[in-house]
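Heads up, there are several structures right after this.
Note that chain A is present in both complexes that follow, paired respectively with chain B and with chain C.
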Partner chain A sequence: MRDISRTRTGWANRLEHWLPKLVLAPTTLAMIVCMYGFIVWTGALSLTKSGMLPQWEFVGFLQYDKLFANPRWDVALSNLVVFGILFIVISLIIGLFLAIFLDQKIRLEGAIRTIYLYPMAVSFVVTGTAWKWILNPGLGIEKLMRDLGFSDFEFRWLVEQDMAIYTIVIAAVWQSSGFVMAMFLAGLRGVDDSLIKAAHIDGANVWQTYWHVILPILRPVFFSAVVILSHIAIKSFDLVQALTGGGPGYASDLPANFMYTFAFNRAQMGIGAASAMIMLFGVLAVLVPYLYSELRGSQRD
Partner chain B sequence: MTDLQRCMGRLSIYLLLFAFALLYLMPLYVMVTTSLKDIEEIRQGNLLALPNAPSLYAWIKAWGSACTGSECQGLAPFFFNSVRIVVPAVLISTFIGALNGYVLAKWRFKGSELLFGALLFGCFIPFQVILLPMARLLALLGLANTVTGLVLVHVIYGVAFTTLFFRNFYVSVPTELVKAAQLDGANFFQIFRHIFLPISVPIFTVTVIWQFTQIWNDFLFGVVYSGPGTQPITVALNNLVNTSVGGKEYNVDMAAALIAALPTLVVYVLAGKYFVRGLTAGAVKG
Partner chain C sequence: MLKRSIAVCVAAASLALTPASYAAEVEVLHWWTSGGEAKSVAYLKKRLESQGVNWKDFAVAGGGGENAMTVLKSRAVSGNPPTAAQIKGPSIQEWGDLGFLASIDDVAKTNQWDALLPAVVSDVMKHDGKYVAAPVNVHRVNWLWANPDVFRKAGASIPTTWADFMVQAKKLKEAGFIPLAHGGQAWQDATVFEAVVLGVGGPEYYKNAFVELDMAALNSATTDEVFRVFGELRQFIDANSPGRDWNVATSMVINGEAGMQIMGDWAKGEFAVAGKKAGTDYVCVASPGTSNAFTFNVDSFAFFKQSDAANQRAQKAMAQEILGTDFQKVFNLNKGSIPARLGMARDEFDSCAHDSMNTFVSSAETGGLVPSFAHGMAVSEAVAGAIYDVATNYFNSSTSPADGKAQLVAAVQAAM
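Presenting the complex of A and B:
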């Protein structure tokens, strides 16, 4: 190797040495400025009295006080809790059961899997638009059920203050549960057959086998799914915008919609930045323990 | 367990799986049938009824003349805006990701793992936290409300994912191969071109499909960083649905939604395997 490099000019050698770093330089620069720099910028902005334009007059945590005193933020946060929990739990249950049933040597498995997963290819705006029509009180499901003979049937969640957030859950579960199914199915395919046979020999029935043998093996899949779903939940924006527009009033707002409204429509940059920082902390609160346990796990291996 | 019981068990599993398949298909079915009905039939009939006299009226209107705010040119111009955003953004971010991944997998240097970790974090940050400063930067560069600006934003925040995909793929290439090529006098780019590129078809497919789906379906960057003439199709669709000039035309809404969904749906049907691989790769994140 040395002989070859000696035949090259020193200049070419030095270039060769720096090339890997040179290739990464633009990405590194963009990352430092546009990720970490911008996070610091937003964090700093959230401590100023900025309104329509950034003003670098620091006011401490005033914007955060204002944020948490704002009833609309209150609604957005509690919506996130309701939406997040329901969305995650229902997606997990549906995804797990569909995966288990699909894993029973089903004919047409490929076709069925394709059907379960196609909503993932569609944008949240399209999903929102479709469900907005299906759930609309006048001509949607309500009319369908009445035509079927249930003349008193009422389904007006889309326009009801207390219920609008649940329409978001329905649409989001429709979109993401197939993906959870795919994760669990991949996990199930990785389970060693001999373990299942051993459980059989020990006299365990199907349910016992799943409950005591297979589900514990799928624990990492559970964790990954929960992290991904909570990540989707915290970032949810398009779906609300398309399905309910945050309404009626602001009853179905999520933090991302709050942030957008205040930062870009209401020209209250300070509050917008403060809400964005809270969202970042939310993601970190989910992510850091997960990454920590992942890293510890891989070190133990 | 008797044979009959086993048979009933299998039957109920199949019934349940088919019932769920119908549930997942229902919105698509409703969208398609609604888009082929006229507005009178929508008012009279119900959600699940097949159209009596299918017509393409709603599709033609959604494509060419529906109102998306104050303008009434249909979705066509916005469809092409999306194409003009997606094509360069996907190509550039994939290309950069391939080179980054190559370096991070096979040309490690002091700090490169740290760099990779820092970049990974970018896959997770909620973009709300960069929206405001990015708007300032785009304005500063004179790229506010332009297609170029949107391409730039998608490249910057897409590279974290593309790098991750390629890095994880290239890690499994034996380092001896690189060493041997170096002995033969091949340089950095020659090794990339002649050893890595030829085996990269699957990972390029996964990455291109992933980026295409992400950027085509993006709404957040589109709504924040585009102007009246440069909006991508997702933003236009949302405007179209929320513009009520005259009566609400649900058939046009559904045709518009289908037009916006069609490119990614087609890709999914043609290359579903790669799509799923991207999802799980993006999910497991290293």
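Presenting the complex of A and C:
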């Protein structure tokens, strides 16, 4: 080692030392400015009386008071809870089962896997538009069933205030469960065969093998899937915009739609910024415990 | 940078070639990108280019101009606003208050805009007593579009009051038609709500409650009645309406599926495209109870401060052109609206436009000429948004009139 470094010039050594830092500098800078800088900027805006354009007149937490007094924000927040929980849980369950079924060394696995994964290749706007037609009572499922002779068939969640949010869950699950399946499938392939054989020798049936041996091994996959799904849930915007437009009324609004409407359409940038900060806290509430457990875990290793 | 230097070269060349030219350009932000609207803008461009003003198109597509406004804000904040932008109503005042707008008062004085424009319109165009914007058209929002064929088949007559509307709509419904074609989007809900407010409460109440935002008027018994009538309309629309675009609703009237639609006069374009004739194939009447009133929605261009002297002259040339008789005629024939400028030759316009022009003049005298709150003419974006929220939520639920009123009062107060 020493011989080689001695034959190099000092210049090359210095280059080797600085090159990685130079290469990473633009990315780091862009991230500091565009991510953290703008987070601070948004936080500051949320404390001002900014309307159409930023105005630096600080008003304390007035915008947050206004935000939480707004019935539309209540709807958006409770929708996020309903949507987030259902979307994550259903996607996990469907994804896990699809992965387990695909893992049974079946024929045509490659083709089936691609079919399930395919919705992920479509953008949420396309998903939303397609499901809008499928769920529309006058065009989609309801009309199909009625044309088939079931004249009393009714399926009109899309146009019902109380049910519209569930149509968003349906479309989002359709889009994302294939992706969850892929994650679990990768995890399942990583499980050591000898562990399964050992379980069999100990007399465990299939169910017990999965529940007591394989699923615990997949714990990190669960965590990653939950983190990825929950940030998809919190930033969901385009799906709502394309599928329901937030309607009927504003019954299927999510916080991201609320933020966009107030910041850009209604000249209430302060309230928009405040709602963005609340969304950020929502993401942090999920991420911080996860990162904490990850970091602790890696230290222990 | 390259583009700009080319533009400068072109401008310089045109200065050299055409004497008495402005040798400058106007950059115009607008969202008129579809059919008749795009044609109208192209005409303005042609007129200006014939005067040697280079037109730099800055079109940002997207329905109500939300995308365009977002772009405009970022351009303005970075100190590089366009020459003119499509801004209307109280937003002109907001931009003026922020100090972005240029006075074009000398153009207005030379061309006597004060005499050409009704006071309610010119007030909107002025900031601090000086003209900063020029109106291109006047839309009437309180129209009821009806298919006479449907009414004949159902044995109904076209209603003129809200009480009558309920009776006739029931007849249509019993005959198997959808009485009211409607698209369940917030702005369309608000458009119908506005028609109910004006028809039930009259112009005086409308102005007090929804323009001046007088809490006593908003809290009055009239508001209860408004919400009661508005709520009654829920039964006359079809279940598939949520999310439907307005022009799809119009086509339901055109093809005889539905009897009526409440929509501004831009709906006329849809009838024209379908080859229908006003008066025979379709009927335009004022929305119930508003025959002597006129909710106006005026599109206008606001002018931004320019540092370059040549561009300032170009800006003024554009302002003058917009209120010229040629542009006003061509633009409004294409768009379905009526000219903002009074006293123009009207023989090329159709019967609906004639009715609109007559009411525009007469209602200006009687006080029935009111700004549309559903189309950003009456109140700030924040308050208009609050009214939208209440109206759309009420119309799509089974909220009681009393609760609707309470929500409206609370929302308006919070947004002020």
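Quick note on the criterion: the second predicted complex is superposed on the first by the 275 of 301 C-alpha atoms of A that agree within 3 Å, B and C clash if a C-alpha of one lies under 4 Å from a C-alpha of the other, contacts with A are read in each partner's own complex, and residues count from 1 in each chain.
By definition in this document, contacts are C-beta pairs under 8 Å (C-beta built on N, C-alpha and C of every residue); 3 or more make two chains touch, one makes a residue touch a chain.
Just so it is clear, the model here is predicted, and its values are computed rather than measured.
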Touched partner set for A:Ile228, first chain B, second chain C, both or neither: first
Comparing the two partners chain B and chain C, which touches a greater set of residues in chain A: B
Which of chain B and chain C A:Val23 touches, first, second, both or neither: first
Touched partner set for A:Leu280, first chain B, second chain C, both or neither: first
Touched partner set for A:Asp238, first chain B, second chain C, both or neither: first
First, second, both or neither for A:Ala186, with chain B first and chain C second: first
First, second, both or neither for A:Gln268, with chain B first and chain C second: second
Touching both chain B and chain C, residues of chain A: 54, 132, 136, 139, 245, 264
In the complex, chain A residues that touch chain B: 1, 4, 12, 16, 19-21, 23-24, 26-28, 30-31, 34-39, 41-42, 45, 54, 94, 98, 101-102, 104, 106, 112, 114-127, 129-134, 136, 139-141, 143-144, 147, 174, 178-179, 182-183, 186, 224, 228, 231, 234-235, 237-238, 241-242, 245, 255-256, 259-260, 263-264, 269, 272-273, 275-277, 279-280, 282-283, 287
Interfacial residue positions of chain B with respect to chain A in the complex: 10, 13-14, 16-18, 20-21, 23-28, 30-31, 34, 42-43, 46-48, 96, 99-100, 102-104, 107, 109, 112, 115, 118-119, 121-122, 124-134, 136-137, 156-157, 159-160, 163, 182-183, 185, 187-189, 213, 216-220, 223-224, 234, 237-238, 241-242, 250, 253-254, 256-258, 260-261, 264-265, 267-269, 272, 275-276, 279-280, 283-284
Chain C residues touching chain A - in the complex, by the definition given at the top: 66, 69-70, 73, 76-77, 91, 94-95, 98, 184-186, 189, 238-243, 380-382, 384-385, 389, 392-397, 407, 411, 414-415
Footprint of chain C on chain A - complex, ascending: 51-54, 66, 69-72, 132, 136-139, 156, 158-159, 161, 164, 244-251, 261-262, 264-268
